[in-house]
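Right after this note come the structures.
You will see chain A twice below: alongside chain B first, and alongside chain C after that.
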Partner chain A sequence: MRHWWLLVLVGAPWAGGALVALLAGGRRRLAGGAALVTALASLVALLALCLDPGSRVDPVLRVPWIPAMGVQFALRLDALALPFLVNVLGVSLVAILYGWGYLLGHERTHLCYALILAFMGSMLGTLLADDALLFFVFWESMLVASSLLLAGWGEGERVGAVTLKYFIYTQAGSLLVLISIAWLVATTGSSDLGTIAARLSGIPRSQRTWVAALMMVGFCVKLAVFPLHTWLPDAHSIAPMPVTVMLAAAMLSMGAYGILRFPMMILGSAGLAALQLPVMLLALASEVYGALMCLACRDIKRIVAYSSVSQMGYVLFALASMTPRGIAGGIFHIINHGILKALLFMGVGLIMRATGRRRIDQLGGLSRSMPGIAAGISIGAIAITGVPPFCAFHSEWMIFAGGLSSSYPTLGYLELLAPLFTAAYAIWFATRLVLGPEPPGLQVRQNHPAMRWSFYLLVALAFAVFLLPGPIYGWANRATSLLGLGR
Partner chain B sequence: MTGLLVGLVAGSLGTGIALLALGRHTRLASRVGKVSSLCLAALSPLLLLQAGDGTSARVGWIPETETAALTLRAPAVYLAIMAFGALALAQTWRAEPFFPENGARYWSALAHLLCSLVVVALTVDQFLARYIVLELVALCTMVVLALGIPGLRHGLQLWSRYAQLRLGDIGLIVTILLLWRASGTFLIEEMLARATFLSPREQIPILLGGLLAVWAKMGLPPLHGWVVDSALLPWQARVWAAGAALPLLGAYLLYRLTPLLLALGATPLLTVGGVVILVWASAKLLRSGPRPGGSSWWFIGHSAVGLLLAGTQSMSAFLLTFLPIRVVLCLAGARAPRRVKWTWEADGKGALAGLDALVRAARTIERHLLEAGNRRLAEGVKALSRLTASALEGRILEGLNRGGVRLARSIGRTLQDVHVGRLRRNLLWASLGVIAVVAFTIAAFAR
Partner chain C sequence: MGNPSVLAPLLALGLGAFLVYLVGRIVSRRNETLAALTAAVYAVSLALAIQLGSEVTATRQPAWPVSAQAPVLRAEPGGMLVTFVGLGLGLLVALYSGRYLALDHRYEHYYPLLLLLSGGLTGMVMAVDLFTLYLFTVLTSAAAYVLVAFRRRTETAIEAGFKYAIMGATAGILLLAGVGHYYRETGTLSLPLSGRGTAPWGALGMAFVLSGYAIKGALVPAHTWLPDAHGRAPSSISAMLSGIVIEVNLYVLVKAGLGMGWPARRLGWLLVGLSLANMTVGNALALMQVYGKRLLGYSSIAQVGYIMMALGLGLAYNRPEAVSAGFFLLVAHAAMKGLAFLCKGICHFYCDATLIEELDGIVGRVPVTAACFVVGLAGLAGVPLLAGFVGKWQLVVSALDIAGPWVSLAIAVFVVNSLVSLGYYLPLVGRILKRPDNDGERIRVSAWMLVPTVVLALVVVGLGVFPQPVLALTREAARFLLTWGQQA
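For the complex of A and B:
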């Protein structure tokens, strides 16, 4: 019975999406409600898998798919996938809830929800795939679903151009991943991830390093680190807010998952050793560059988008530190980033909807006109700097500890300076919006309750994770233990 | 047992949170704040009866680190009592008028929150927990500055102050993580005891990180901009920002670093630094006169005395007199002519100018390198597509297509021609020939 929950976990969003697309035409509430129920079904399946008494063994589902090639429809829930699954499910749920209010004025809402569910289903499939080809199929379907969402429901005049840019960029990254997977399958004669890992031990280290490098570049496109990030600000700023939330808070983490699953877990840390220094330097550059670009922007949605470039730098630095605590910190930071980025984007969406403005120099004094939202967005901005009493504190100190214990402690010391840049844009952003003078003619409309309450839920979560970090520490540490780095 | 200490901390924290909720009811909040602070100050001397008497219940919070507890060791317990005293004094004594437009309704709440955090920071025995509390104290100090000095609220000015405090936090986390790596524990006593047995090569970065934290928290130059600002705050807030909060905790950290200072023989360097800062602060004080912010040089000079006394027997005396002297200095500042006007400090300007230059550089890279690269790539693809369209598609493939069509047409025409013209004629003759042959054959057989 256990393994069928895996099918429910991945299949519910796809089946729900198909039903919503076929049956909910013209009925917005039904489409939104069905989408939420579908996402909840996936959550129930995950809970059933985690709370099962026999959960010490990874649940696995294997069904022959392309027998001639030995390819199976194989799903496995292991410790590495779990924190990412929690992140994707949590973010998708709040994004759908937020969409109840945000998508009210949009057309073809049922199709939008259907694609959101397909997007969610493909992310879940990517995380659970235990076969390299199946992984790639889900990886590509993620791109297709998100591109259709951008093309169909994007806001602004440059929707076509931006969607094309997003598609080409991420497709180029996927191509590198495909080449690497093809090499792995051809070399080992199997597409099963466990078999690939077992048979790779005899392959020379130099070859493994080359494949790891190809995969790193491919996954770094999805992670949107400098200088492979230029698709991100454009795509995030045109996407409708629930989709932006999913792109920023959930999809970026797929890049980190890819790095952990393939170059680190399957190819082994030996293949990555030669790449450690350049990747750490790239991560540092991304942290500082993203923060500086936040200060250079005036569009509030773009500011938050660039902050993802900076935050993904922290994640990449943590992974590249190759220390158990650092990597656990990186995985923890993925969840924290999911909470805080969803919080900030939702806050920005609430401000944009309420005021009809999106330039920071046309906004200000929100502590008087929207006190609750202003307080929430201030908390999000402060929290992203990694200070207590908010969630990102835990992950940041683990990342710092990983950096100082790595083979390059000097870079660990430099990493400690990065939060200064984060603080620069966070304080500027919050004070300009919240405390600054109110610009003339600023009128504030009331937002839909679903938008407000999903926002407040995330504010509470940012605080709750700080107070009760135990479960996420546990997930992150168990995930790290699979990488065989030792403690 | 330390039940009283936990009760006092909880009382102060609870009152702070309740006062935040009561923010709009200013009068009621003011009364509650006064009564609560007086009660806390009156009860706090009872801590002396329990001084040195074990620890509170240990709290496990962050996995893979030791549990944390509050302890009543000297001199922390004396400093905690003084912090409660400062809270009561600031709440009840109107040394100068309130500035209600500057968020005064929140100051009573912030003072209670700060008091509870300071007491926890002084008495907690686990370094990571202390770091968290110190960060919270820094955050509350920035909130006090943002609410109290309107000029600081907009844009990046507040950041330049926060960056100074954050540098101190960076120093402290370096010290903590290096000590943790060396000792394998986060318990302060064990960490510091282990530090004295490390090699000088390992001790130096630990001490440098600790001193950076001391420098930032005590507001010593060049990290003093926030102390200058805090001198502009009203008395009720100033006593915390410039006295009982970060500066007191910085002085306490300096005191705790004494064994490491002695082990490395670094006290003469600190003495030199102390003398230089003292002379500089005196000169600034003489030049600034009674201007707003002038009293900040008293604070900086007082902190420099701490550097002079570091590693000596007198350090304990300095620590125990720290808060009373600061309170007196804050009161003295209240007598200076006052206009709430924010003055720009050179260090803040420098930091912001540097940041501005970096932001410009990043924007240039984004626009002229990355986006230009994208554009060139897109133009290249367009040119390639044009070339493909005109040359490959237009000439070769379309030419082949046209040729194919022409060939097909000519074949068709030939076939049609054959079918319509010659073939029909030939077929006619062939059919007639066949008929003739068949007729002759039948005639021959008939005969």
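For the complex of A and C:
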């Protein structure tokens, strides 16, 4: 009985999305509410799965799908997927809530909510898929749904070009993923992830390294690691804010999940040894480059977008440290980044909506005109630098510890300097917006309550996770233990 | 005496063509009447073909007639699969024409020609005698030339039809010469006949036959007629030409090549080599098109390249999975490209959209058609859960299973090509879905055109979500093709 909750968890957004798409005409106002209810149904399913007393064994759902190709519709909830699931669900919920206010007055909102749900459903499916083909199907539907959202509801004049760039760029990464997954299937003769892992033991190390390298490049496109990041600032700055939140706070982490699931868990760490040094260097470059680009940008949405490049550098560095503590820190950081990036983007959205401006040199002194939002933005900016008493503190020190105990402690020391760059742009960003003189002609309108309250909810969460990090530590550690790293 | 049920689908088409012509001349020239009648003929023929197909396996192939010499026609799994596809597509195209041709005349010519086209195709895939094969090829081509130039008042259609006819006739001469040379060497025309074809005259004959079908199948560099013909023909005919005609010619090329005794390995590598040229040239030129139908035509050249690569690798390395992937890609392409052309036809018929840029925001005027169009294009681009992806996935998995530097190179070219193809599919999708302009009043599309289009869109989705039934057929077809050359 229990495994059917898996189908609810993944299926609810898809089914709900299909229903929401039908809410045309006057019933369109119900779309936001219906979308939230649907997302909550997924949350209920996840809670039912986690709170079940028999949860010692992973819940698995298997239905034959294409017997001629040995493909099953197989879903499995294991410890590795859990923290990512929590992140995707949480981010989607607040994004939909925020959309109640942000999407008000947009055209065809019912279709927008339907696609947001499909986007969410495909991320959940990606995380739960226990079959290589199914994984790729969900992985691609993630791209299709998000591209349609960009194309249909993007803001600005270059929507078509940016969507095209986004699609082709990430599709290039996806094709590398496709090739390497197809290689796994061809080599092992099975598309079941467990069977693939079991049958790979006889494969020589050099071959594993090649495939792992292909996969790393493919997943790093999704993770937007320098120099494969160029789709990110464009796509994130044209998307409507709820979609931006989902892209930045949830979808980027899919790249990290892919790295953990395929090269690290299925191929095993042996094939990765040769890649460790270049990946760590790229991660460092990403951290620094993203931070510097933040300082170079003037568009506040673009600044926050570039901050993701830097933050995903932290995550990649953590994974590449190949130490249990570092990887657990990376997984923890995914959740913290989810909270903080959603918080910052929502804050930026509130400012853009309230003032009608998005250039940082035309903004300032918001502490007087919109004190609550200004305080929240400041908290978000301070938190992302990794100082207590906010959530990212926990994950960042784990990442540093992981870096120092890795095979390349020198890089671990260099990593300690990264927060300086983060602090540079974060503090600059917050002070420019919040303090200083108010620019001439700045008029501030009141924002929709749904937008404000979802923002404040995240501010509270950033603090709450600092106070009560226990459960997330537990999830991250259990996820890491699946990787079989010893130590 | 042989099995007369082999003849049944062919007879139905041939007699049906005659019947439709008579009805058109004597009873009624109404387009709808003739379209419905033609669709009924297709349905009967399809039913007979399915009946026949249920008796066919890779080891059991009913033939007609079983005389002292050899059969002329033989129903085999690969041919039956292609026949199902062709007749199904023909049925939908006939219904679609019930409205699409409303502004034309001479319906009593159009529908019989359509039926003869399908009859020729069915005969081609069943023929196991080189001269019979040649006759059916000529029948198909003759019908196709006239149908391409059907709108004879437009200069471009005449020009395209003429070009097609010249190149097709060249191919026909090559075929006839090939058959002659082959007969001179071997003293027989029946297929399969392995071993004896390698002597000089036989080899020359084989080369002629293969080049003939290469022209008719639009293999690069003999592809130049295709964009004109597919771009200028009525969309319903383009759907047939792109969806089934070039595929049948490709299938016959493989079948005749193997049957005449070419080693599967060499033929396979020839196909792989040509396939790389096809996909690269097709995709590169599609990027530059400004006319919607020409773009779809070039995309067909590329897609046929994918089919050839799968068939070629399968033949070269004796891999049933790869050949099966090729057949699946063939079925998928028929559905997807047929769908795309039918949608394009609706856009042309109601909104007068010929250029790609005239498709801007078409979603506001014909929303259902636009949705179907997007499904077709996304399928061609290889988006999961649509028909194209299943075929491509099988192709990649079976190719990676073979391994080796040349195969890796082929896979790399294939992957780069499928990325390049996004460069024209996506902007087209973007234009179709563009936010509608002010003058976007809804248009009610006639059910004659809408129903076949929606049915094809559902087929494209169905093939992507539940490919299992078709995979069973493609497996059988692959098993047949890999043993065909050795049957003599």
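We adopt the following convention: the second predicted complex is superposed on the first by the 481 of 487 C-alpha atoms of A that agree within 3 Å, B and C clash if a C-alpha of one lies under 4 Å from a C-alpha of the other, contacts with A are read in each partner's own complex, and residues count from 1 in each chain.
Methods note: contacts are C-beta pairs under 8 Å (C-beta built on N, C-alpha and C of every residue); 3 or more make two chains touch, one makes a residue touch a chain.
Every value quoted in this text rests on a predicted model; they were computed, and no experiment measured them.
In the three-chain model built by superposing on chain A, chain B clashes with chain C. In the superposition on chain A, A:Ser407 contacts neither chain B nor chain C.
Applying the stated contact rule after C-alpha superposition, one finds that A:Ile382 touches chain B and leaves chain C untouched. Contact comparison for chain A: of chain B and chain C, B touches the greater number of residues. Residue contacts after overlaying the shared chain place A:Phe393 against chain B, while chain C stays out of touching range.
Of the two partner chains placed by superposition, only chain C is touched by A:Ala182; chain B is not. Applying the stated contact rule after C-alpha superposition, one finds that A:Gln171 touches chain C and leaves chain B untouched.
Judged by the touch definition given at the top, the superposed model places A:Thr230 against chain B, while chain C stays out of reach. Contact with chain C, but none with chain B, is seen for A:Met69 once the two complexes are overlaid on the shared chain. Comparing the listed stretches 128-136, 164-172, 308-316 or 398-406 of chain B against chain C after superposition, the clashing one is 398-406.
For the contact definition in use here, the chain B contact set and the chain C contact set of chain A share no residue. On the side of chain C, the complex with chain A involves touching residues 378, 383-385, 389-390, 393-394, 396-398, 400-401, 411, 415, 418-419, 422-423, 426-427, 430, 433-435, 466-468, 471-472, 475. Those residues of chain A lying in contact with chain C across their complex are 66-69, 107, 133, 136-137, 140-141, 144, 148, 151-152, 160, 163-164, 167-168, 171-172, 175, 178-179, 182-183, 185-187.
Chain B makes touch with chain A in their complex at residues 61-64, 128, 131-132, 135-136, 138-139, 146, 153-156, 158-159, 162-163, 166-167, 170, 173-174, 177-178, 180-181, 355, 358-363, 365-366, 370-371, 374. Those residues of chain A that touch chain B in the shared complex are 165, 227, 230, 288-289, 292-293, 295-296, 382, 387-389, 393-394, 397, 400-401, 404-405, 413, 416-417, 419-420, 423-424, 427-428, 431-432, 435-437, 469-470, 473-474, 477.
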